[in-house]
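Okay, so chain A shows up in both of these, paired with chain B first and chain C after.
== the complex of A and B ==
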């Protein structure tokens, strides 16, 4: 029973069944069994992916989706390779943990709302797992859009909150804008190769002209930028924090937002032929890392801090993937999934306890919520890259790779970002857990159904870095060890960041506002979010709505106006013409006499009417009969 | 060419007609029997089309289930029916919409007998157009499909108040913009205007071919000189185009759809607009292949204008029915674009888009009708937060909106994808870019409307608040049936489009080979 196909199906199908049952049977959805079904299904997926991770088989399932005769039909399939197996494990495990945690976090939700929540979660788990194992680019796109849909539905879960519904729509629009690129890139790549199937693409695409392939990959990467919240399309992710916190942990930190990175990893056999696009990827990644970290530094909402931090960390992954180390990018994706989910769940635990997101309204939580404090600290240390937490290993690998491969500028940008990362993370930590203000409400530790999942993630965040060598071996990456001063640099920078945060926010050696004033142009730009939101707002309100106004107005009052004016004129003309019908017998008599006179005059032979009529009657027009040259093809 | 077996196409076509005759004999006060009669004759058609779908040999292709009875032999007019893969798909679409439409008009407040009679007559016409292989018969059914619309809108429609601006404001206001009579009259005149062109084209073909027959199969064998073909094709394009909502002769569609009662809008946007596209594909491309090839660039370019212009027009509207109507204009652009690509992908996509858009717009109009019944308003900006009180309607509306923006897993995506692929493979690759952007604009307005009506803080139209407090409720009883059927079709086709595509593929290739040879 452990053959690869069965295992593959037992990863993919349970969440789908759970979604279908919950979706199609309203009484089930409204009962408490909805949650049980969803959690049970993802539990089976987790078990199956664990077995896959241990046995590490390869395997493939293929079926035809769109038939065609003149073109090659579109095949779909799922396949197992090291990346998809490890990703299965990450996705199903984090989904399981988050769904269990949600039982506590969403306990105040009414049954039908909770059922809806778990239905969406099941759909998400299915789409994400399907995305991971897709063996056709078209299929990747399909699941890509479906995870986007789940993200939209779950951000807007509390649809009656105007901000939530706004954020949901914004997330969909921005990622969809990126997907315009993805769709066009995919279509034109198909146009040149005639296939969507990855293994065929990898053979055929390298034969294409480099410029053409570069264009395709650039467009596809545009989609990845939208989904993975890369600058300048990152604007939706902070707003997406309006959704429930467990959703942010699962979708907007651990799994869905890294889909773009996964796409680059998946399509790396194509990206490697397009060096220009790869250098674009590195630049986008590095800039995003820096800007994300800088923006995280000035936020006051704990979830937004974490959101910008996610943006920044995905930037790291993109940069290193662009630099050619897809396994290192994947390793960071792996560790990041655990520690960032942990941080979100810990933040959720705080929000659940004191019902606010603002860090300035928190303080001294370490006394009231000791478990959450420890767990948040683990997450923060892992994110900052402190030994022996998992983030240390992956971030080190990234920085060393950038240095060794000679991407000097990017190396320094990312190194500086590492400093900022430690700084903003521990700024948050000191304010929230150590600060001298007392929170207004009386916070309490969360129930075990929330803390237990967090402890599991805490453990993973601690140890996920250790299987580095075996993971690299499995992924087929020959990791070389570099013993040089570079290896100590990231760690020292991070410690420096923590020290800085400690001296500012704990010891209050100097005021943060003084620093902000000293850097006023930068801080004011950051406070405006680099005006990106304003630019998009202008594009939406000004360009799109303006064009819509022009088009709508033109259609309604000009195109349709001409139609109406025509019929209006005919109506007017006919009411004028109607005057001829006076109803007086004399007028009609005049008409009859006039016509009679006219006829007499004509019959006197002024015009040769008669002859012409005769001619026509005698000679029937010959075009009524078919000229024989028209009749081809008759048997 | 007589058929030895069951005359399945006649059964499908004439069953609604017989239903209409039987309805005539029932008194108005029989509330339930009237509906059940209409329903049962619709179900006969529905079952017939299912049987036709199952028994159609898609490997063989071509016209099957042929029936032939001569009517006027001296003029070459005959009762010739037959269906190929394309027709079968559209018959299937029509019967789904018919069943849904009967349920959607279950609660019609007055003169329900006459309403159902007209609806069934209309459907007879639609089925007839899709299966006739005789141009005279085709035209007869075509007119039968168009004319009941006038009464359906004029009697059971709804009016709204619009103030015109611009240089033609006076003319527009004088004509009575916004009233149901205006919508009905405009729609009918427009379509009669179109059918005049079609009639000329058909008669032209009759005389130029010299075969003295209206039979489609016989006329297929005639190759006219290309200049004649071009002119006749253009006549057909204008004639059918006015029904298919081709820019710039589409302006009847928003007003007509907005004024029409629910089932009529469903039928009209869902099926009747496809008659136009079907006419262009079947008669235009089938009979004038050279002209189709010559004029494809023009058709495609206009189609792209349709897509973007319709989407922007929908974005500007604040009246729910107008939004859906403009989105139809935009989606019909995708149908025409697919036809203009002249390759397998695009044309398959075009036919699938006809099906998908028919079901989707049927669903949306059914829901708009429900919302209107509960809220007594179509003004989007007066609504808000409805999802709390009508979660079911919100769910189905979301499915419709997501189909229209081309979300994978729903049928719209497959169709649009095929058209996009076809567009890139066609002689004018640039069509792809505006078409994809059109899909993006659709995402903008569809999600925006969804958000405005269903999400956010609760709002209620003032008029409704006074007249029926607590009236905002979810759908009940029979009201559920139409949305459930239609969205199920959208999902099934979206997940697994293979059977439907297989059904039409051979016929599409036949048609293409005629055009491209």
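== the complex of A and C ==
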């Protein structure tokens, strides 16, 4: 029963069945069994992906959903390769953990809202699992849009809050903006090669002209930029924090936002033929890493700090994927999924306890919430890249790779980002958990249904870095070890960052406001989020609104005008024509008889007709000749 | 013997019936015109069947007579209903279809 096909289906189908049952049967969705069904289904997926991880089958499975002589749009294909198998494991495991955690976090939600929540979660798990295994570009696009939809639905889960529904629309808009590029690039590629299947594309696409291929890959990368919140399309991710915190942990930290990186990894055999696009990818990744970390430094909302941190970490992945090390990017994706989900869940535990997101209203939480403190600390250390936490290994690999491959500028940008990462993470830690003022509310430790999932993630965040060698072997990456001074640099700058945070926020050696004033141009730019939102708004109001007004005018007066004129003429004509409908039966009979006479006249052979059977021209007169002996009287 | 006198007679009957249908206002008169047209066509059928030496024309004529009888029955029933509902037996006064 453990053949690859069964395993694949038992990974993919349970969440879908859960979604379909919960979605189609309202009484089930409104009952408490909705959550149980969702969790059970994703548990089966996790088991199946664990078996896949142990058995490690390979190959591509193809299903036909409309028999159309192997015409590629009607085929569904799934890769079972190292990347998709490991990704199955990450997605289903984090989804399982987050769904269990949500039982505690969402306990105040009414049953129907909770059912809706778990229905969306099931759909998300299905689409994300489908996305990672898809082997055709069209199918990737379908699942890509599905995860985007789930993200939209879950950000706007509390749709009655205006900020939440606005954030949901913004997230959808911005990612959609990138997806337009993806769609165009995909279709151009299809037009040139005639296939959506990756395995065929990898053979055919490199024969295209480089400029042509570069254009396609650049457009596809736009989609990845939107989805993975890369500069300058990162603006939706911080706003997406309006959604429930477990959603942020699952979708906006561990799985969906890394879809863009995963896409670059998947399509790397094509990207490698377009060095210009790859250098663009590296630049975007590095800039995003730096800007995300800088923006995280001045945030006051704990979830926004983590959101910008996610932006920054995905920047790392993009940069190193662009530099040619897809396995290292994937490794960072792997470790990041665990420690960032852990950080989000810990933040959620705090928010659940004191119902505020503002870090200045927290303080001294280490006394009240010891477990959360330890878990947050594990996450923060892993994110900062301190040995022996998981983030250390992957971040080290990234920086060493950037240095060894000669990307000097990017190396220094990313190294500085590592310093900033430790700084903002421990700024948060010291303010929230240490500090000298107590939180006003009386926080309490979260129930076990929330802490247990966090402990599992904490364990994973601690140990996920150790199977580095075997993971690299599995992914087919020959990791070279560089025992040079470079290997110690990331760790040193991270420790430096922690020390800085400690001296500013714990020991109060100097005031943060003094530092901010000294760097006033930078801080004011950061406070305005680099004016990106303003630029987008200006673009929207100035250009798109004007364009929309023009289109509206054209539609109202030109298009509608043509339609209305047509209907007006027809109305006039028909009011003239109704005169001939007298209602008197004889008038109609005159018409019938006139038509009959006309037909008779025609059949007398005025117009010769073609015999359709004998293919010869015949005159109808010939057929109606009576036997001659009766015709003599006429002569 | 020639075919033509009988055919001319059928033609005349047909035209007469048609004239009746087109010119009369009374519904019963119209159906009488229609009957005349039917009989004309029956006459033509019998004649031509005879001319070709086949019996088919007579058979069809017999069928046509039978159908004509039932058609007249239905038609008269309809006219009775029209008279009852519309209070008129004149074709030009039953003009519900006037546009």
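Going forward, the second predicted complex is superposed on the first by the 540 of 635 C-alpha atoms of A that agree within 3 Å, B and C clash if a C-alpha of one lies under 4 Å from a C-alpha of the other, contacts with A are read in each partner's own complex, and residues count from 1 in each chain.
Criterion: a residue touches a chain if its C-beta (ideal position, glycine included) is under 8 Å from a C-beta of that chain, and two chains touch if they have at least 3 such contacts.
Computed from a predicted model, the values in this text were never measured in an experiment.
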Handout entry: Which of chain B and chain C A:589 touches, first, second, both or neither
Key = second
Handout entry: Of chain B and chain C, the chain that contacts the larger number of chain A residues
Key = B
Exercise for the section: Examine A:503 and indicate which partner it touches, taking first as chain B and second as chain C; both and neither are also allowed. Expected result: neither
Problem - Which superposed partner A:578 touches (first chain B, second chain C, both, neither) - result: second
Exercise for the section: Classify the contacts of A:514 with the two partner chains as first (chain B alone), second (chain C alone), both, or neither. Expected result: neither
Practice task
Pick out the shared contact residues on chain A: the ones touching chain B in one complex and chain C in the other.
Solution key: 626-627, 630-634
Problem - Sites on chain A touched by chain B in the complex - result: 64-71, 112, 138, 141-143, 145-146, 149, 156, 159-162, 164-166, 168-169, 172-173, 176-177, 180, 183-184, 187-188, 190-191, 540, 544-545, 547-553, 555-565, 567-569, 571, 623-627, 630-634
Exercise for the section: Flag every residue of chain B that touches chain A in the complex, lowest number first. Expected result: 164-172, 174-175, 177, 186, 189, 207-211, 221-225, 248, 251, 255, 309, 312-313, 315-317, 343-345, 348, 385, 387-388, 391, 402, 405, 407-409, 413-414, 417-418, 420-421, 424-425, 429, 432-433, 436-437, 439-441, 443-445, 447-448, 451, 454-458, 496-498, 501-502, 505-506, 509, 512
Handout entry: chain C residues touching chain A - in the complex, by the definition given at the top
Key = 2-4, 18, 21-23, 30, 48, 51-52, 91-92, 94-99
Exercise for the section: Going by the contact rule at the top, pick out the chain A residues touching chain C in the complex. Expected result: 577-586, 589-590, 593, 626-627, 630-634
